[in-house]
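What follows is a group of structures, each given as structure tokens.
In what follows, chain A forms one complex with chain B and a second complex with chain C.
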Partner chain A sequence: MTTITLSGIDKSFGAVRIVRDLNLTVADREFLVLLGPSGCGKTTTMRMVAGLEHPTLGEIAFDGVRINEVPTQRRDVAMVFQNYGLYPHMSVAQNIAYPLKLRGVPAAERERLVARAAERVELTPYLARMPRELSGGQRQRVALARSIVRKPRVFLMDEPLSNLDAKLRVVARAQIKHLAQELEVTTIYVTHDQVEAMTLAHRVAVMRDGVIHQLGAPAEIYNDPADAFVAGFIGNPAMNLVDVEAEGAGVRAEGGLAIALAAPRPGRLTLGARAEDMRIVPASEAHFQAPVYTFELLGEATMATVMVGHTLVAIKAPKDLRLEPDTRIGVRFDPARLFWFDAASGARVRA
Partner chain B sequence: MSAASVPGVPGYRAGPAERAAGWLRALAVFVIIAAILLPIFWIVLTAFKVPRDVYTLDAALWFAPTLENLRTVFEHPWNLGSKIVNSVLVASGTVLLAIPMATMAAYAFARFEFRGKQALFLVVIASQFIPAAVIVLPYFLMFKQAGMLDTRSALVLVNLSIVLPYAVWMIKGFIDAVPVEMEESAMVDGASRARVITEIVVPAALPGIITAAVFGFTLTWNEFLFALIISKQDALTLPIGLIGFRTDRGDLWELMAAGGILITAPMFVVSLLVHRQFIGSLTAGAVR
Partner chain C sequence: MRRIPPHVWLLAPALSFVAAMALFPLGYSLVLSFREWKLAASGAPGAWVGLANYWLLVSDDPEFLEALAATAVFVAADVIATLAIALGAALLIKRAGRINSLARVLMILPFVMSPALIGISFRFFLNPEFGIAHHLIGMLVPALAGRVWLADPTLAMIAVIASDVWHWAPYMTLVVLGGLASIPQETEEAARVDGASPWAVFRDVTLPQLLPVLGVVAVLKTVFALKAFDTIYTLSNGGPGTATQTLAYFVYQVAFNHYDMGYAAAAAYVLTAALLVLSVFYLRLVFRK
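Up next is the complex of A and B:
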């Protein structure tokens, strides 16, 4: 039962400003994902919530009570570190039991809780092992079990899946989602992987250079990006972003290609559209025409890529379509799923 | 590369040059081992000889062994018993004080940022290189002033000054190798700094701490110069006890050898016990 409030948080290491005037409220029992490219300050932000790092400016509060001065061990948070931070001299059972031991939980009760936590993450057969005898996935689950063995006020996870191979990551992701629903603890989850963010989060905060660019539900971030950075960061493949200049009734891409779309305002703009929101059509219906650069089979669909100006633009197409490179194709946008951004600032320009 | 030219592969035959190199290496190893072990072997033999046998080559290897020497050294005027007690008390006292202090200092050097840290650490390390002969007189005067001459406490203090810099340096190396994330993890789990150190850092750095303890015990156990100057009668340690066997009537080699066994045996046992640990931790420090 904890609401986390970050107000006006600034963090500098020496002269380098890593987090800039960050304001964020994580609601009680919310699963919030901090998403952004590597080095944007996600871990630093999370460490400030844990008390492992201290803000240069601003206030952190749990349930409205300032905790800036409260040391880590008294904040009652649980954290899964990127490298798990297991204790190599303790067995799996001792690792999981350590937070309980620190709280003076009696041995019998401790054993019961450890058994339950281990069962939840399917570690029961490994309780007697030492961490060095475990695989990466098992270690990750020990870290997870250690943080869920008690009920913390706040649950923090720093890229807990980044050291797992792709296949295991999908399984572990589902496991974390299931656990989170069961536990109902306020959670901040850090990742640079937008798929993790989209699948796990109640809300996603998209960060870059220490600034939150957009905060919203996954669908909102995907369907209504606040700026060109968010648009380009979310989705796989990333949204096509083409720099254009308004000209006459349409726009012209950098290389001179004309696109028959009315710009919302004159000047230099960035045009954004997702691959699945564009179609390959006959020349008469097309917004623009271009030769095929590459053509790929994805299994459930195909992907045609064309060169627009200096930018590659990907278009999702039906799975039975076949195209040869250099074939001229017509492309049509879905006008309802078209985004305009200011070319210089990246800010959204709404029609 | 053909299979026949790979050493260790069946069918491989060493050339004459390689075989000669092999023999030379074996010889070198033998010479080194002999140089180390022969004196010890000689001392052990001498300790069980009657004085007459010590000086005759006829009885070099073949003689009637006696336990007389090992008994004599405990009697008046040698009294090695009290010297063993002193040595044990001084060495264990030094280690028991040095290791916790060194661990805390090493932790501070490894983990905290404070002004003058680099300089201070350099001073600690540099203090090892001050020749004992230079500071033995100031020590003597200090302890004389304090009325501590010929006390075991004085010897513990002196040995602390020798052991601490080594111990701080050694343990710091091992604490540096403990990932900070482990400590942070413990703090998040609810551990205070004190518990982080005792329950996480110390166990993780234990090989280094044991190494430092063994090393410190050995240094103190064998320490000669300061004990010679500072102790006179009550606080005499084993190494000082040994020079008592050089008397006006000549050197009593068989007694000195018996004393030598008493001084070496504990070190021998300790090194056997921690041998694997010791080697392991030394190399662990080396490859880091």
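Up next is the complex of A and C:
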């Protein structure tokens, strides 16, 4: 039952401003993902919520009560660290029990709670082991169990899946999602992986250079990106972004390729379209034509890439299509799924 | 003919050097401890006496037993004080910062000073006429004003211990700092998040992870304390009387004041045995996996 409010948060290390005027409210029981490229200040933001770092400016509040001066151990938050931060000299059971021990929970009750937390993350057979005797995935689950053994006001997770291999990551992701639904605790989850963000979050805050570029539900961020950075960061493959110059009735890409689309305003713009929102069509219906640069089989689909100006543009195509490199193809956009951005600022230009 | 592999040839000079410098004296003194050799009477070892030298040590030499007792006091106090100061100082200066890095540089000074010089300096500082420490302590602790430090058995022992702690604590502080730096910061932060007060973080997370390093410091310091000689020689000369005569000093006395080489060798071997046991212990600590 905790709402987290960050108001006007600034954080500098020496002269370097890492987080800039950040305003964010995480609703009670919400699962909020901080998403952004490495080094954008996600961990720093999360550490400020935990009290491991102190904002240079601004206020952090839980349920409207300022907690800037409350030390970490009295904030009642639980955190899964990127490298888990397990106590190497304690067994798995002792690791999980430590938060309870600190709270003076009697031994019998402690044992019951540890057993339940371990069961939830399928660690029961490993309770007697030492952390160094565990695999990466098991360590991650110990860290998870240690954070869910009590009911904290806030859960914080810092890239908890980044040290796992690809296959394990999918399983662990599902497990975290399941736990989050069950526990109903306000959660901030940090990741640079947009797939994790899209699958886990109620809302995603997309960050770059210490600034939140967009805050919204995953579908909103995917379907209605606020700017070119968000558009290019979300989606797999990333959205195609081509710099163009509005000219007459159409636009022209760098290098002179004409595209038969009406720009929302004159001047230099960035045209954005996702691979799945473009089609390969006969020349008569095409918005533009270009030779095939590469052609890839993805299994459930194929991917044709063409060069537009100096930019590679990917187009998703049916799985039975086959194209040779250098074949000239026509490409058609879905006009309803087309995005325009200001070429200089990256800001969205709406039609 | 079987060829001798090149690494044996390459190691041979170093190995023979070690053998000549360490193994020969070790073996020769063991041999001497079973013989009688009064240097004043003869230039060469005399009759074989079996275990008589050792027997005499334990059965009929109060001075040896006193030396053992003095050694126990000296080593125990020295090791405990060094450990406590090294741990405290390391925790104090472990954070980065200008003053702390300066402190780390200055710490190396006592360590590089000659132990004999340290002994002489302490002697000067404690001099009842012009010693600054003598007067300062007298001002701070009136009960000690006017007491002549090196003439009082207890105070002399404290002075000897203090000089050795002063010599070694800074170096051991650096060793503990290294140990602290190797503790993953995430473990201490995780404990804070889990609800641990600063004291609980130290007790439950920092200290347990530091124990192996503290063990190494304790064993090393015990070895160095058992061997301490120069400081004692220059500071208290084993006195007053035999109050600060540790085993190492006793061996020196027997060998080079009484010229009783066989007897000194036996006493030295008691010390060597203790050092050997500690060395094995030390190697176990350092190389265990």
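What we mean here is this: the second predicted complex is superposed on the first by the 351 of 351 C-alpha atoms of A that agree within 3 Å, B and C clash if a C-alpha of one lies under 4 Å from a C-alpha of the other, contacts with A are read in each partner's own complex, and residues count from 1 in each chain.
Going forward, a contact is a pair of C-beta atoms (placed from the backbone, for glycine too) under 8 Å apart; a residue touches a chain by one contact, two chains touch by 3 or more.
Nothing here was measured: the structure is a model prediction, and the numbers come from that model.
With both complexes brought onto chain A, simultaneous placement of chain B and chain C is prevented by a clash. In the superposition on chain A, A:T294 contacts neither chain B nor chain C.
Once the two complexes are laid over each other on the shared chain, residue contacts for A:N68 go to neither chain B nor chain C.
In the superposition on chain A, A:T327 contacts neither chain B nor chain C. In the superposition on chain A, A:G85 makes contact with both chain B and chain C.
Of the two partner chains, neither chain B nor chain C is touched by A:N236.
Comparing the two complexes, residues 50-52, 71-74, 76-79, 81, 83, 85-89, 98-99, 102-103, 146, 156 of chain A contact chain B in one case and chain C in the other.
The touching residues of chain A, when paired with chain C in their complex, are 50-52, 71-74, 76-79, 81-89, 98-99, 102-103, 146, 156. Residue ranges on chain B touching chain A, taken from their complex, read 179, 181-182, 184-192, 195, 200, 203-204, 206. Across the complex, chain A is touched by residues 184, 186-187, 189-197, 200, 204-205, 208-209 of chain C. Residues 50-52, 71-74, 76-79, 81, 83, 85-89, 98-99, 102-103, 146, 156 of chain A are the ones that touch chain B when the two sit in their complex.
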